[in-house]
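The two complexes that follow have chain A in common; it is paired with chain B in the first and with chain C in the second.
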Partner chain A sequence: MASGEPSKYVTLVSGDGFEFVVLREATKVSPIISGMIDPRSGFAEARDARCVFQEISSPVLDKVVEYFHYWYQYRDNDDVPDMDIPVEICLELLAAADYLGLDQATMNTRQWS
Partner chain B sequence: MARPRRNQSASGSNDNDGQNQTVNGNDGSNGARNSRPTRNITGPQSALTDFLASHNISARQIRDDADRRRQAVAQQNSSETNGTSNANDDPTPAPLPPARVARRQSTRDEGEQETPEKLAQKEKALAKIKASKAFKKRKKDADEESDFDDDEIARAIFNERHAPLPGQMENCEICDKRFTVTPYSVQGPNGGLLCAPCGRQIAKERQGEKPKKKAPRRQTAGIGSRRAAQSRLLDGSVGTLSLATLCVQTLAKNVELAESLGDLPEHLVDKIARIFSKRRLLSPDTLPLFLQPSTQTIHIYDGAKLGEQELISIFQIAPGLKHFKARCVVQFKDEVMDYVLSRDTSMESFYLHGANLLSEDKLHEFLRAQGSYLRNLQIYYTDKHVGDETIGVVREHCPNLKRLKIEHNQKMTDKGVKALANVTCLEHLGLHLDNSPSSPAIRKAVSGSGPNLKTLSLSIVPNADDSVLDAIHMTCRSLSKLRITESHLMTDDGFAALFTGWQNPPLTFIDLEKCRYVSAMQPRQNDDLVGLCSNGFKALMAHSGPRLRYLNVHACRNISREAFEEVFDGDSTYPELRRLKISFCEEVTDYLLSCIVRSCPNIKEVNVFGCMKVRDVRVPRGIILVGVPNAQGMITEGKH
Partner chain C sequence: MAEEPSLPRLPLPAVSWNAQTESFSNNPRKRRATRRPSTASGASVFNSSDPAIFSSDDDPALDNYVEGRQKRRYLGSWYSHQQHHQPEHEHEPEAECAGAPAQFKGKRTLQRQYDSGVFLASDCTEDDDTTLELECSMPTRLKLPQLEAAVRTMTEPERALQRKIRECVDTGNETVDFWNMGLEELSGETVAPLSHFEKIPDVVSRDVAFEQSPPKLNLYLAMNRLRMLPGALFDVTNLTTMSLRGNKLESLPPAFSKLCNLQELNLSQNRLRHLPVELLRLLDSNCSLQTLILHPNYFLLPAHGDDIFEILEDDERTTPEPDASELEYERLRKAGTWPASTPEAPPPRMLTRRLGRSPLQVSDATGRVLSRFKLPSTSSHEKFELLDVDQIYRKQLYAQGVDPNDVDILSQQQQQVEVGRAGQSAVPSLVEAVMRNCYRSVRLGEFKHLLPEDFANLRQVFDKAAEEKDRGGLPCSRCGTLMVVAPIRWIEWREINTLTRHKTREGVYQLDPLSEVEDELVVPFLHSACSWRCAPRNGEHSGWVFPKGCGGCTAGYTYFRQGYPERAE
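What follows is the complex of A and B.
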C-alpha cells in the first residue's frame, strides 16, 4: 500500500444500495477488491475508495464484510473459531466468495528475517 | 418449631464428638424417612444410629434437643456477659454445634417474634458485619447496580452466613415445605433457602431479569481441540479458513436443506463434492445435487453408498457426460457397464476406483466400443480383472489415449508392461503393480513412449535398477513429473547420472520416496551408496531446482547434512518450491530448516516426520511444518 494513502477505510456498496465502510487492511484478503482499490491501478474505485457490487445483495455483502473483519482479527492466530454462516444465504455467499477470490486455503502473506 | 417431634427420649448420651458427626451426616435420611416412605441413599451410619432408628428413635431428634439446651445456656451466658460469641466474624460458618445453634436460631427468628435481647444481639452482629471486608465488597458491587440500603446488605450477609449447611433439613421460605438443603439450594428473597421446585422458579425469574454473571467465555479450545488442530495442520489449513470453505462446510452440515446447487462454477462444485465425500454424505439422496442434464463432469470421491441404480442414473440424467470419475464404487458392475454401452456416450475421461466386481470382458467391450474417445483411462483397485490383455485392447482401440494409470493391480505382469511400449501416444503413465515389474520391462515401456512422456510414475518398484534411470535419461525429453518409489537397487551414481547433463527441461514434481538402502545386518553402512544419497540429491537440485514445485525425498536417509546445506545455502534459491518432504532424513536440523526457509521463498509445507534433530525450530507464519518430533508441535513466529 502506498504510504500517502489518504483513507484507511473503503466503502463497499451492495446491489440494493447499502454501504459498508470497511478497514482497507481487512479487504486485503480479497485479491479482487485489493486489486480494485490499489492506488496504482488508477481505477475509479481506487480514486474514490468505493466499490459497487451490483450482483451482491446486502445480506450477503454484510456477511462478506463480517468475514473481512473476522479474517483481520484472527490473521495472526493459528487457533481460530469458525465463523457462523447463515444457512439461508450459504449458496449466494459461496458464489460471492468465489467472485471475490476468497477461496484460497490460506491467504497469508508472510515475512521472515 | 416446625419440626415434627415423635420421640421425647432426649438423652445426653451423644456428647461424644465423633458420634455427633456421624449422626449429623445422617440427618437428611432420617428426616426423609419421617416424611416419606422412600429411603434416600445415604453414607455409612453408625451402629448406634442404626440401633436407635430400629427402635424408632431419631438420632437427629436427640441431637437437636441437646443443641437447643446447650444453646439456651449459651444464650443466657452471652446475655449476662454481653459476649458476642454468636456474631462470629469468621467468614465460613464453623461446623461446631454452638454456631449451628445460633444459625438455626436466626433463621427461625425471621418468622417469630424477636425478643429485645435477641434483637440487640443481632444488631451487634450486623454492626460487625458492616465493618467487615465482605460487606464493603458487596456494597461496592451493589452501588454499581442499584442503591441498596446498608442495613439490607448487612442483613443479607448475616442471613447468608447463617444458612443451614448442605444435608440439613430446612423449611422452604416460600411454600414452607420441608426439604433437604443441598449445596445448590437457592436463596429466597428474604435470605432463607428455597426447596428445589421453588428454587428453580426463582432462578428462572432471576435469569429473566438479568444475567448474574458474564456469559461464559466462548470455547475455542476444548476436548479434542488439540487433535483437531493437528488434523487441520495436516490438511494444510492454519488460521482462518477461506470464506468459500466456510460456506461449503455449512452447506455440508445442512445438506438436507439444499435442493440444487444452482449454477456454481465447476471448481466450487468439485470442492463441495470433495467435502461431501470426506464426511460420507454422498448418498442416493444427495447425488442429484451434482447431476443436471447439462453436466459434463462428475467427480464422485466416495461412491460407497451408491447402488447400481444410482450409478445408472448418472448416465441417464447426464447423457453428455465427458469426464467420469468415481472412487470407491463397488457397485459399478457389469449391469452398469451394459447400460453405459447401450447409450451413445463419448467419454474422454474414465476413472474407476475400487470397482472390483466389473469383469474384464465388460471393460474390454467398453474399450472397444468407446475407446476412440478416451483420452484418460485410470483404473484402480480392480483385483484380478485388468491384466496384460487389457493393454492389447487399449493399444488397438484407444488411439487418442494420453493418460493411462493402472494402480493397485494384482494381475498385470511384465508382459503387459512390455506391451505398453506399443502404446506410443501416451503422455502420462502411472503404474503401481503388485507383481512388481522388472527393469527390462520398465525399460521397454519407457523407450516406447519415452519422448512424449510428461508424467512417469512408477510406484513401489523394488526390482528397478540403474538401467531404468539410464533409459529415462536417454529417452525422456519432455518429462515434468517423475515418481520412482521404493527402489532398493538404484544407486546414488545412477541418480547422479540421470540428472547430470539430461536434455530434459527441469522437472516440476519429483518423488523418490524410500529409494534407500535397507539392510538388517548393517543398517548404518551403505558402502555401495544404494538409494538417493548426497551426489544424486545435489545433481537433482542442480537440474530441476529452478522449476521444482514439489519434492519428496522421504526416507532417503543417506543424504548427508553437507549435501543439504550445500543445496540450501541461501545463495541458490528455489523460487517455485512449494512442498518439501524430507521426513526420515536423519541429518535435517533446525539450522537446515532455517536455510530451507531462506532458500525457498514460496515454500508452504515441509514434512519432517522422524527428523529427530529438529528440536526447537520457529516457523515463519505461512509455512506449515508437519511432523515436528515433540508434543508441542509447530511453533509459529512472526506476523504478517
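What follows is the complex of A and C.
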C-alpha cells in the first residue's frame, strides 16, 4: 500500500474510536477529506488512507458516512429522496458538515470521476 | 440509664436575665452588672421573635432535681451552643454549615443541603436579618430556550383587523375592508380565521335551500405599511380579490401560487424589486386570475435592456397576421387536422414570454454569495438598478427556422453551466440536507439557541429557515423541492400580455401589454434553483409560453398585436 495505486477505500475514525471504511470516490464530495487523502499531499492520512476526527462522535460520523454514500448513489439522479436525519443529532451534524466543507451545491462531479 | 437517649451535653455558660431591661443576655450576670443596660447585646440578636430559650431541665441527667437550685436558661438552640463551646467535639457536616452564631460574621449564602435535595439557606440563626443578601451563584438564564423568545405583542391596527376578520367570519361578510388603517405588521394568526370562512347559505333567493357554495373573499389591505406577508395568508385559498396596493412590500413569497381562486390582484405602489416566478402559475387554466396590476413598483431593469426592447419592437412586423402559430399551422395543415373546429381547452387570459435573464447568483448553504454577481438586496431604495444581462434569449418561435443552437451570444457562465450540467448533482449539500430536516421540525425556533456561540454563520441559516417557514416555504422554481437556502438564483425578465377576444373575427385574440409605459413592459421574476440541475438551460425558447392547461395555437386560436407605443429616443 505504501506505493503504487492508492487504496480504493478510506478509513474514517471517530473520536470514540469507531472506524468507518468508505469508498474513496464517495468522500470526494468533502473538499477537506479529499485534501487530506490526496496522495500528492504527503500527509500521514494520505499514506495510510486513514483520517481520525477527534471532534466527531461515532453517531455523527455514521451520518456523515451515510451522506457520502447518499451523495454517491444519487449524484447523477434527477430524483433525489430526502435524507432522513434524526433531530437530536442535527446540530452536531451541522457543525461536522460545516467543518468538512459540505456546504455547497456540488459542482463538476465529472472532473472527479 | 444506658439505653436512655442521651441529649447533647449542655454548654457551661448560661443566659442571664436582666430584670431591668427585661432582656436576656449572653453575658454572665457578674460581668453584665458592670455594663450599662443600653449595651445589652442580647437585644440585638433577634429582631422580631421572642428569643429562643431552653432550660437546664431538658438535660435528662438532671433527674435528681434539687430544690432551690436555679435553672439554667440558654439562649438559642442547643446545638449551636454545643458547637460553640465544644469545638473539639466531632465535626458533623451539618454542624459545619450551622456554625456558631457568635462567630458567624460572613454573608449568608445559599448552600445545598444534600439530604433535602432543595436549596435552602443555612440553618443557623442570623445576627441580623436586615443584612441578608441572597447571593446566587447560579446563572439566571432560563433553562428552556423557547421561553426566551419575546412574546409578540400585537399592534393596535392589527388588533383592529383581527376584530374585523372575526366579525366578518361570524356574520358571513365576504369583504374585509381594511383600507388605510396604518397596518404595519400582519401575523399568520390574524388572517388564519379567514381560511375557515363558511358562507351563510342563501335560502331566500334560491330554489334549493342551503346550497353551500365556496365563499368569494375580498381582502382589501391597500394603503397600509405592510412589509411582509405571512404564509398563512396563502392558505386562505378562497380569496377572490386581494389588494395590496400602496404598501411597503419588498418581496413576495413564492407561496402566492396557492391562491388559485384569485381573480383580481393589485400589487401596485409597493417596493417590489422582482416577483416570484411562481406567481405565473396563477395564469394556469386551473386558476382564475383575470386582472393583475403590477405597476408602478421599483422593478429591476436590465442594463442592456435595449436588446429586449428590440425583441419587443420586432414583433410589430408580425402583426396582425397569424404569427406564433405559423410553423405549427403548416405542420398541422399537412396532417389535415387544422383548423380544430372548437378548441376544448379554454383560451389563456394572459400570455407571458421570456425575454432574458440576469447572471446567476451562486451561494453556499449558509447563504454566503460565492459568485461575482450578486442580486441587489431588497432593501436598497434606489428606484432602478440596472443589471447586466449576460444573455438575451433570441426569440425563436417568431424567427422561423432559427436553430436554438445558433444563438451567438453565449456567456462564459452559461457555457460553464452547460458543461457542468452533465455531471451536476441534484443532491443537496449536507448542511442543506440537515437544515431541511430541521425545517420540518416543529422546534425550528429552538435550534438556534442550542447552537454554540462559535457558529455564527449557522445561526443565520436558522434565522433564514424560520423566516422562510413563516413566509410559507421556498420551493425550487423548477422541481419544487422545498429549500432553506437557494444555492442558485437569478432574475428573468418577462413580458406579460393580456388577451382579449377580437370584436369581429371569431377565434382571434388581441394581445395587450399590462402597461403602456416603456419601462414597464418587462417584468422581473426571481427564480430559485435547488441545484445546478435546475439552473437555467441554454436555448430555452423565448416564445410565448402558454400557461398550463390553456389552449395554444394548436387549438386554433390566432393572436395579433396592436404594436407598441413609440419609444422615446
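The rule is short, and it goes like this: the second predicted complex is superposed on the first by the 102 of 113 C-alpha atoms of A that agree within 3 Å, B and C clash if a C-alpha of one lies under 4 Å from a C-alpha of the other, contacts with A are read in each partner's own complex, and residues count from 1 in each chain.
Note that in this section a residue touches a chain if its C-beta (ideal position, glycine included) is under 8 Å from a C-beta of that chain, and two chains touch if they have at least 3 such contacts.
Note that the coordinates shown come from a computational prediction; the quantities given were computed from them, not determined experimentally.
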Touched partner set for A:R40, first chain B, second chain C, both or neither
neither
Between chain B and chain C, whom does A:L102 touch in the aligned arrangement: first, second, both, or neither?
both
Determine, under the contact definition given at the top, whether A:P81 touches first (chain B), second (chain C), both, or neither.
-> first
Dual-contact residues of chain A (chain B, chain C) 64, 67, 70-71, 74-80, 82-83, 85, 87, 90-91, 93-95, 97-98, 100, 102-111
Counting only contacts in the complex, chain A reaches chain B at residues 64, 67, 70-71, 74-83, 85, 87, 90-91, 93-95, 97-98, 100, 102-112
Per the touch rule above, chain A residues touching chain C in the complex are 64, 67, 70-71, 74-80, 82-85, 87, 90-91, 93-95, 97-98, 100, 102-111, 113
Counting only contacts in the complex, chain C reaches chain A at residues 362, 364-366, 370, 420, 422-438, 441, 443, 447, 450-452, 455, 457-458, 487-488, 530-533
Per the touch rule, the chain B residues reaching chain A in their complex are 218, 220-221, 225, 229, 236-251, 254, 257-258, 261-262, 264-265, 268, 271, 597-598, 620-623, 636, 638-640
